[in-house]
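For clarity, chains are labelled A, B and C in written order, and residue numbers in each chain start from 1.
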Amino acid sequence: MIIAVCVFPFYWMVTTSLKTQLVALEAPPVWIFEPTLGNYREALFEDGVLRTLINSLIIAVSTTLLALVLGVPAAFALARFEFRGKKDLWFWFITNRMISPIVLALPFFLIARNLGMLDKHITLILIYLTFNLPIVIWIVTDQFRGIPYDLDEAARLEGASHFTIMRKICLPLAMPGVAVSAIFSFIFSWNELMFGLILTRTDAKTAPAMAVSFMEGYNLPYGKIMATSTLIVIPVLIFALIASKQLVRGLTMGAVK
Amino acid sequence: MKTLRTLYSSAALASLVATGAIADDHGWSLKEAAAPYAGTTVDVVFLLRPGYEAIEAMLPAFEEETGIKINIIKHPYENALGEQVRDFVANGDLDIALIDLVWIGNFAENDWIMPLSEVQEKFPDIVDPDLDIDDFFPLVLNAFGGWNDTIYGLPFDNYSGLMFYNRCMLEEAGFDGPPETWEELKDVYGPALTKDGKYAFALQSKRNETQSADSFARVLWPFGGSFLDDEFRSNLMSDESQAGLQFRQDLMEYMPDGIVAYDHAETVNGFAQGDVAMITEWSAFYSTVVSPETSTVAECVEIAPEPMGPAGRKPALGGFSLAVASQADDAEQAAAYLFIQWATSKANAREYLERGGVPARQSVYTEDGLEDFKFVPALVESWQDGVPEFRPRFAEWPEITEIVQEWGTKMMLGEVTTEEGAEEIGTRMEEVLDAAGYYSGEKPLAQ
Amino acid sequence: MRGRVSRKTIFAFIGPAVIGLAAVGIAPLLYALWTSLHFYNLTKLKRVEFIGLENYWNVLTDEVFWQAMGRTFFLLGTALPLQIAFGLGIALVLHQPGLTLIKTLARLSLVLPMATTYAVVGLLGQVMFNQKFGVVNQLLGGADINWIGDPENAFAMIIFWDVWQWTPFVALVLLAGLTMVPGEIEEAARLETKSKWTILRYVQLPFLLPGLVAVLILRTADTLKLFDMVFTLTRGGPGASTEFISLMIQRVGFRGFDQGLASAQAIILLIITIVLAQIYIRVFYKEV
């Protein structure tokens, strides 16, 4: 039952994507029909969905890497060092995760316009940090805290710097958490729509923004929309299934503190 | 269709010869005029609609002749305004503006587009002596391309509201023609045609531009109503406007449920599947409802002008012009103008029509061999006299249409009465107009 | 003394993240603050002018804004209990011993809805819930329910998809909580009572609480952020029946182009978000 409810929509998405427009509009819907790959061919090669998928991939991977580079040391500091305002800082990081993207989308659009940064990959890579960095910091801080302090101490006595301790001792032990946060930030970036819609036009257009652009009130090409949806969703689902163990653990770490 | 093609080619041949002759006289040809701009790329937003597909199919000929590359960025209508506004305020890449008639005040007041005469003065060598601007339907040219007595754009993708009806369903119910008036449609045709899961009528009313343009405005004008009075105050509380809005409520009895979620696609599908007997839709849908690939009632489709109201026939008017963008550099502006001139030219009108577009050239509709295009007589009649300010075209329309969309759908859903809704729209609309400076005399009362 | 390090070291570690997030997170907010104090319409950039708090006043007195806010919390109030109820049910089923292959499969399929692109969920909804050719009405035995065109049905449909997408998340979080109950305690309890309810209430609940709190926080934030799925499914309609707060702000800012007003709305939303986050975190996450 659980499996059926979870999986059925995907089944329907894929089958609809293999229907021609007339078949897709048949009422009541048909379950057995002659499948066609026409929608995929049209979407990928005529409408340029392929390029938007590549854009999405570039952006999601880059922003994830950037979030890790910035976030892991910060998480280490939050877990290991004592300093004034630490609580507030942590709170501020986490609050960013909760801000509605529309709050940032408006001013970000205006700033990007003034800086001539509209429709560039880098713009999305940077703005996605607003939700990726908090995820990384949240999960990885937690992971660092779970590592016994004695290990640091021992290394410290041998004269290792904080940076070496982080890199050589704590990071390997925290790898599961780092992986989890990377998976999350990749998935969130891949799926993001609003910034993609507002801040890109053609060159950096992301795949979800592309899928939405087929929604012309004159004529809804359902098969093609579902084909594009399938192309967007399938990679991330495969990725999620492969990483499902880490994902589930990530939920536990991030959520059940 | 085949005969039409052949006919077309001979016509094209004739026009080629004609151009050739002109080239001899005036020394003008597209190829030579475009020579300095070969290699220029022109960016333009297109919609996913038949008129755009038609010109896209014709494009290779233009690109080959001129060496100008047209880069088409496709968007659904609902995103097209936002995309272009964001591009223009960001000094972006667009070289041509695609202007719905309700956007023109906005684009013109922001100086995002150049007046036609200015372009022609700047690049005198590229103006086709055969441009013949008087050949455009005057109503269409002024409404789609003009603002404050200045022509900016040339009409490109042109619509008039038409009544599409299913002759077979009407005959079965004992009618030998479509209703003449809206009242007749509701009181006579409505009850007779609404049964067994079929409906007499469908009026696309989704909460977007469809609600304000296709639904709200459509019932306002034929009943003598309007959005604004002469002083730019709301006229929605007038007896005429209220009669129109109330009429829409009553008419819903003969429309499918959930009509407030019907966009063009749903309405046209309902008609094309034989579930709805009559619709009032844009001329652009002609190709969809008569093609056997998308319609099961192709054989039964007939076209008439929209019904009349107490105030006469006031069919919906809509459509797009193309104008040169001020933000483009000189070469791009010239290349953009050449494309616009070519796409809307007299010489290309016939091919454009046959490929599914609707040109705004009067001359093309006087040609022979148009019997297959059943919408032509009704279209020509509708364009003789229409209301250019069917929807006000001033710069404030994007804000006002949002208000109309919200409260118009609430009215239809019965969440507010027509009076309450009209009151609310009126107040909010006047706030917008006040802020814009119409009441203080800062801004001329132009719509 | 553990954790005492020089400011320089701390800054080296945490500075890049702070600067990075400030650049993309705070600078835009300051800009929004500036915009919100002006008449700032994208199609009227020729007359940008300072108007003080007028935009804020307009937002606070606009019933449409508060209706959208109320609708957003109403969605939270209806969808979240369903998610918790179903999620708990699923977690308890999966927590039972036995049937391992099915359980593994179920666990895997739970991951799918969560990872699905939200915009795609909405597109899928359009196809499946169509009155005529939608599969949902067919599965309901040829029902003729008008999902997308009726205000209440459309809202129900949004709830359905929200529950579909996020129940697995709740289930997995709670399942993780259940596995943290020490085996011996649970067994001892089972010997004493047969009532599953008693076990749930007195033995398992304490271990579930942190997870529930996290769910509450994240779902509140996500509901305030909810945009993609509704945008592609109903665009806020019919009427305004599914116009949630983020959709409304997007409409004002990018369709009506009144960026000043939209910025004021966004900042009020931000304040509400921060206050809620503060309350949640201060109340539930005491030790940080």
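Remarks
As a convention for this text, contacts are C-beta pairs under 8 Å (C-beta built on N, C-alpha and C of every residue); 3 or more make two chains touch, one makes a residue touch a chain.
Model, not experiment: these values are computed from the prediction.
Counting hops only between chains that touch, subunit B reaches subunit C in a minimum of 1. Here A-B and A-C are compared, and the pair linked by more C-beta contacts is A-C.
Measuring from the averaged C-alpha position of subunit A to that of subunit B gives a distance of 40 Å. In this assembly, the C-alpha centroid of subunit A lies 16 Å from the C-alpha centroid of subunit C. Shared contact sites, meaning residues of subunit B that touch two or more other chains, fall at 86, 89, 206, 208. Shown for subunit A are the residues that touch two or more other chains, namely 25, 198, 212, 215, 220.
With touch defined as above, residues shared between interfaces to two or more other chains in subunit C number as follows: 254. Those residues of subunit C whose C-beta lies close enough to touch subunit B in the complex are 39, 42-46, 64, 131, 146, 148-151, 154, 234-240, 251-252, 254-258. Of all residues in subunit C, only 2-5, 7, 9-10, 12-14, 16-18, 20-21, 23-25, 27-32, 35, 90, 93, 102, 105-121, 123-124, 126-128, 132-135, 137-138, 142, 164, 168-169, 172-173, 176-177, 180, 210-211, 214-215, 217-218, 220-221, 224-225, 227-228, 231-232, 245-246, 249-250, 253-254, 259, 262-263, 266-267, 269-270, 273-274, 277-278, 281, 285, 288 touch subunit A in the complex they form.
Against subunit B, in their complex, subunit A makes its touches with residues 21-22, 25, 47, 109, 113, 116, 118-119, 198, 201-202, 212-220. By the touch criterion given at the top, residues 47-49, 73-79, 83, 86-87, 89-90, 92-93, 206, 208, 210, 263-265, 268-269, 273, 284-285, 288, 293-294 of subunit B touch subunit A in their complex. Every residue of subunit B that touches subunit C in the complex is listed here, in rising order: 81-82, 85-86, 89, 106, 110, 206-208, 257-262, 395, 398-399, 402, 406, 409-410, 412-413, 415, 435-436.
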